[in-house]
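Two complexes follow with chain A in common, the first pairing it with chain B and the second with chain C.
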Partner chain A sequence: MTTVTGEAGAPRRTPAARSGVLRQAWINRTDYLYVLPALVVMLIVIAYPIYYTIDLSFFKTPPGLQLKDKVFIGLENYTAILTSEVFWRVTLNTIIWTLASTVVSFVFGLGSALALHRDFIGRGVLRAILIIPWVISAVAASYIWKWIYHSDFGVIGAVLVELGLLSRPPNFIDSVNTVLPSLIVVNVWREFPFAMIMLMAGLQTVPDQLLRAAQVDGASAWQRFWHVTFPHLRSVSTVTVLLLAVANFNSFIIPWIMTGGGPSNASHIWITHIYELAFGRQRWGVAAAYSVLLFIILMTLGYFYVRALSRGERKEAEG
Partner chain B sequence: MTSLKLGAAVLRGAVASAFLASAMSTSALAAPPVDLSKWSPDYVKSIAGTKDFDTAADCAKVTPLDYKGHLTFWYQGVFEGDPDVLRQYYKEFFETFRKTYPNIDLEEQGITYNDLLDKFRTALLGNAAPMAIRLQILGGTEFAAKGYLQPLKPEDVGYSTEDFWPGAMKAVTWQGVSYGIPTNNETMAFIWNADIFKRAGLDPDKPPATWDDVVKYSKQIHDKLGIAGYGLVARKNAGNTPYRFMPQLWAYGGGVFDEASANPTYQNVELDSPQSKQALQASYDMYVRDKSVPVSALTNQQADNQPLFLAGQLGMMISHPSDYNVMQDLLKKTTGTDTAKAQTVIDNMRYGLIPTGPDGKRAVVFGGSNIHILKPEYVEGGKVDEPAAKALICMWTSPEWSLKMAYVGSNPGNLNGFLTTLMKERLEKTKFLDVTTSMLPYGIPFPALPQSPEIMNIIVPDMLQNALTGAMTVDQAADDAAKKVKDLMSGGGL
Partner chain C sequence: MSAIADTPAAARPRRRKPIDGWRWAGRGFLVLMLLYTAVPMIWMLLTSIKSGFAAMQFPPQWWPSEPTLASYQKLLDPQNSVGQDFLRFFWNSLFVSSVTTVLSVAVAVPAAYAFSRFHFPGRRFLFFSVLLRNMFPAVIFLVPLFILMRFLGLVNTHGSLILTYMTFGLPLAIWLLKGFYDNIPIQLEQAARIDGATRFRAFLVIVMPLSMPGIIATAIYSFIGAWNEYIYAYTFLTRNDQLTLPVGIQRFFSENTTDFPGLMAASFMMSVPVVVLFLVLQRYFVRALTEGAVKH
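And then the complex of A and B:
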């Protein structure tokens, strides 16, 4: 609350400035009273769960005891997590999942946005079709893809065997090597329309005159894209990538429904692993410690997201 | 009929003797309504239809029929792998309860096997549990150990402890106190397609005698016909997946602890014993070496085997007698030439005893469900209407309803259910039922420990998937699983 937009450029706050902020807060105390109910609600639904999760992360929760009988063990849960093989496996999966899903979704989204930015017959229909994966329920989509991939009943396997290309249906989600790429394909299929919509909106802001002027100056299509279009998309691209990254980092539905993190933890990402630890295996303390680590990472990503947004707003204000 | 020959073999074997000894020892105070020492398909037939029961009159002694109250109740209900006839009986039960107790306002909620435990645990954390719940056989001990359940024994709802299987009563007992009443108990059997056997050059009337034979037969079916031989399932514990691996583990002489012995102590972890590794090796041989089981075995549960079997793409599997009814239900949904194919499969469906291990040891999971009453402090509103809960439990565990609710998939928890006229009718109508009832004496209850649901997860999927995906060798996977169980029991590990 104390970081006011107008002060963002100040190099360092002096004690006088800090007291000035407090004075301002006192002067505007009636305003703060107006937002107090919202603040209280936020404290209950956000601050308390955060506090409780951090607190729980220092306790052991054995299967034979109720949660209220938990045993204080200090940082043991964190040590156990950071020294476990599963943690590093799941972390690597999460990084691959997040990076691949984000980058590929963005690239596909950009390509689709550029293609649909041109005027052609059937553009509206095509745009509507491309948005379908994004509007379909993630749960329904996961079940559909699960059956498409199914090694014994799946359409893909059946077609490949029927065409004589393979003697046995391929293993998409039953193999430790192919399960994660297979899930990433589904995630990209679902997410790229979001990137497309965001970037299509960004493309509306590219001045037509600049593109025409570049064309008159002999710039190639690539040069026009790289030197004119892309710089105008930078802010929206940053926001899109950050939103995709946070969403992918927090993904649950697709990996959980399609594989439950298996086989052999090969498709467990942080969120599914945390859920499994807490609700499947009742390791509430360990799951809480995982959640705290995840919270720190997401807050860091959030910081960059807010910074990117603020920079965009400042540029707009300057422009 | 093959099943009759198999039925004659029921009383043989050391496991049966141990079971009977255990049964006799627990019935010292009162005689059970059936003679467990005579248990065989012929005996079951001879006692069926010999006694009538009046459920409403019996339950009126527990809770007056005009009692006015309110009850919230969750139950592990029917799921995708169950036959339609079971859905009808569930519906009929709640209708009958409302007619019998018109002044009890019942709020029931059916939750599938795979979701029930998670949902119940979450509700308990928020003190928002139902007043009564029907849980899978393994679920109760965890909640009893945590102090969520009220002591509850058959005598509390008008029955006697001896009216229930001794093994089932063990599963509802924690530290000498009973916390629930068994609703149904079951053992599975071995199912095969005689037509596939014939085409693969196997004797269509002879199921594999040992688990080593299962591996051989599975390979022969796959090599000759290009279809899956045995229906291996290794998906994350979806209830029925460990139920298909444990008989194999025990038959080879392995186990999690010593649960397959006559007097288990649950002290030493045996998942890394040579016998347990041999059992895991058999699964590895089928999935990795011979590729003779469904490709999708790692994501399959029994419900996925059923359509494969009906499509003639699977030669053998372990399941309930209800699978015959499920096949009939699925047949109704087929069209065109698929109908004739499915009918051929059903005509060639055979049931037999589950194979033995190399030393002739035969075992099967003693499964089922139990019903419990919660302590008021964990229930939404902080109150439990005990008379209403007992009325429902009395009805569900009555000879009549414990039989109806188990009709094709299981057996009545209340042994008096075997005496009813409906049991006689059931034996006539439900094909292969005598085979699965023949397996009952071979049933081994899973350790009644609060850690049991987690131990199941360590076996399937952890151990099985680690070995079958090549993430670990068979030895490493078994050692890893044993270490996890030891850590769990000592309160450590992730």
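And then the complex of A and C:
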């Protein structure tokens, strides 16, 4: 695939070849000053917690934060997790939650971005309205939807009853079977605008001439999308999907506020479960072991994320 | 590309029809998305102007029969205890978010510039390790950070939140801004330096103004992130007078609340500042994403 980049990347100083890394570092020593503040903050707030969590995961901990009394127990926390039933239930929930939220948000975002790409009256207003759910806080969103799903006075239930489709309002979030899909609807509501913005930005990089040329050649709308537009969206799509997947995997507020993981763990995902283990039941060691497992999963995802990003980097460096 | 060239000329006369089909499909889809997006927000507004009694009816009042602003008056009345709390939480949120924004920009700008311009060893590694922050959920940092904040004496202060919030904003901020700096021709700075400006001065006078849209976008992103943050505020703050809005709201509408109009009014008020900010400045944000994130 040949890439059609608009213009060559900005010219830059080429690093002096063949000099030692340390010498390079010394020559460029003032450059580090620019990055230093960011690094110090990141180091305090990230590196230390990671080290701490890994360490704690090998200990049996007393409740409360009197962590001096912890006892080394090796891998016991890990075996306890992997043999518990809740773990598998929560893992399944997490997979469903992450996959469904990511796919649906992406599809909705792509559809909206494509439909909004053509100019029409009211386009700006419509775009702004569609973005609002992404901007407002997840806490507000959770309360709004909790009210909409209310089992006695919820508006969706009322509409269904008024239309004669049901005799009484359904339980959306109090029932084991419907709670997860209901929460996914809320999550998608907040997330698809993000995909939409990213893809709208991506669409602007599709050269108009190519589309017009394809049209002149008699390509159908679908063919133009599939053969011209979509290849140009590939890299932004990869990044968007990865960011969505990570954000969904890490979500907390919506399930926590709307259901607290219930009923009977039906809407617990990894993060809410870890939170409950740590701050609800004060099982710090187990929660830490969970977190380490989480790290491993996220690092795997992170590997693809960085690869997707650095492909862009390299392309640009060659440009 | 080849498939397009292969399309037989005979297909041309039928071209118009499917295009219109797609266009109408697009319109229909937008209408559905508009309903999905707007109906919950409209219902929030309609509920917020009902009385508590009017909200609890079945079938519901589709349109409030006696609209009232009582919920809003209660929230904004400094004489009332709910109003007092709400206004204090609002002020706390504003303070924390503003300070976070200023500090994040101050830290992200030089870092992004360095990642874009300089070639010090370890540059790529550092850049990606900064981006990796995005990967990790808040929850796994909670316990260690709580202990760290206790060590630093920052528990129950807004400082703990500001320090933490800066780190969420930074990765995306640095990434966005780096994209911006990559697109500013280095010759501009070189010209300034030939004229005798130091590198720092060239940066300040030439690069900063050109990257203003990126900086604004970064600032919006930090502000909104800080304004909406919940988990850390929920864990680090216990004193009632310190709470920020997302946590505070929960405190005065307990689990078994029946005051849904009040809750909806509070949700609305909490959303107003960020929505207004975003709508006013959204073109910068979209532009920054286009130039920063997507062009790579």
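Following the convention adopted for this analysis, the second predicted complex is superposed on the first by the 266 of 319 C-alpha atoms of A that agree within 3 Å, B and C clash if a C-alpha of one lies under 4 Å from a C-alpha of the other, contacts with A are read in each partner's own complex, and residues count from 1 in each chain.
We adopt the following convention: a residue touches a chain if its C-beta (ideal position, glycine included) is under 8 Å from a C-beta of that chain, and two chains touch if they have at least 3 such contacts.
Just so we're clear, the structure is a prediction, and the values are computed from it rather than from any experiment.
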First (chain B), second (chain C), both or neither touched by A:96: neither
Partner chain(s) touched by A:63 [first = chain B, second = chain C, both, neither]: first
Of chain B and chain C, the chain that contacts the larger number of chain A residues: C
Contacts of A:151 with chain B and chain C, given as first, second, both or neither: first
Contacts of A:279 with chain B and chain C, given as first, second, both or neither: both
First (chain B), second (chain C), both or neither touched by A:73: neither
Which superposed partner A:288 touches (first chain B, second chain C, both, neither): second
Partner chain(s) touched by A:264 [first = chain B, second = chain C, both, neither]: first
Which of chain B and chain C A:86 touches, first, second, both or neither: first
Partner chain(s) touched by A:108 [first = chain B, second = chain C, both, neither]: second
Chain C-contacting residues of chain A that also contact chain B: 65, 67, 150, 152-153, 169, 279
Contact footprint of chain C on chain A as seen in their complex: 6, 9-15, 21, 24-25, 28, 31-35, 37-39, 41-42, 44-46, 48-49, 52-53, 56, 65, 67, 108, 111-112, 114-116, 118, 126, 128-133, 135-140, 143-145, 147-148, 150, 152-153, 155, 158, 161-162, 169, 189, 192-193, 197-198, 200-202, 204-205, 214, 217-224, 227-228, 235-236, 239, 243, 246, 249-250, 252-253, 257, 271, 274-275, 278-279, 284, 287-288, 291, 294-295, 298-299, 301-302, 305-306, 309-310, 312-313, 315-316
In the complex with chain A, residue positions of chain B that touch it: 118, 121-122, 125, 142, 145-148, 228, 234-236, 291, 294-300, 304, 307-308, 313, 450-451, 454, 457, 461-462, 465-466, 468-471, 488, 491, 493-494
Residue ranges of chain A touching chain B (in the complex, touch as defined): 60, 62-67, 80-81, 84, 86, 146, 150-153, 157, 168-169, 171, 173-176, 259-266, 277, 279-283, 286
Contact footprint of chain A on chain C as seen in their complex: 1, 3-5, 7-9, 11-12, 15, 18-19, 21-23, 26-27, 29-30, 33-34, 36-38, 40-41, 43-44, 47, 55-60, 106-108, 110-111, 113-115, 117-122, 124, 126, 128-148, 163-164, 166-167, 170, 174, 182-187, 224, 227-228, 230-231, 235, 245-246, 249-250, 253, 260, 263-264, 267-268, 270-271, 274-275, 278-279, 282, 285-286, 289-290, 293-296
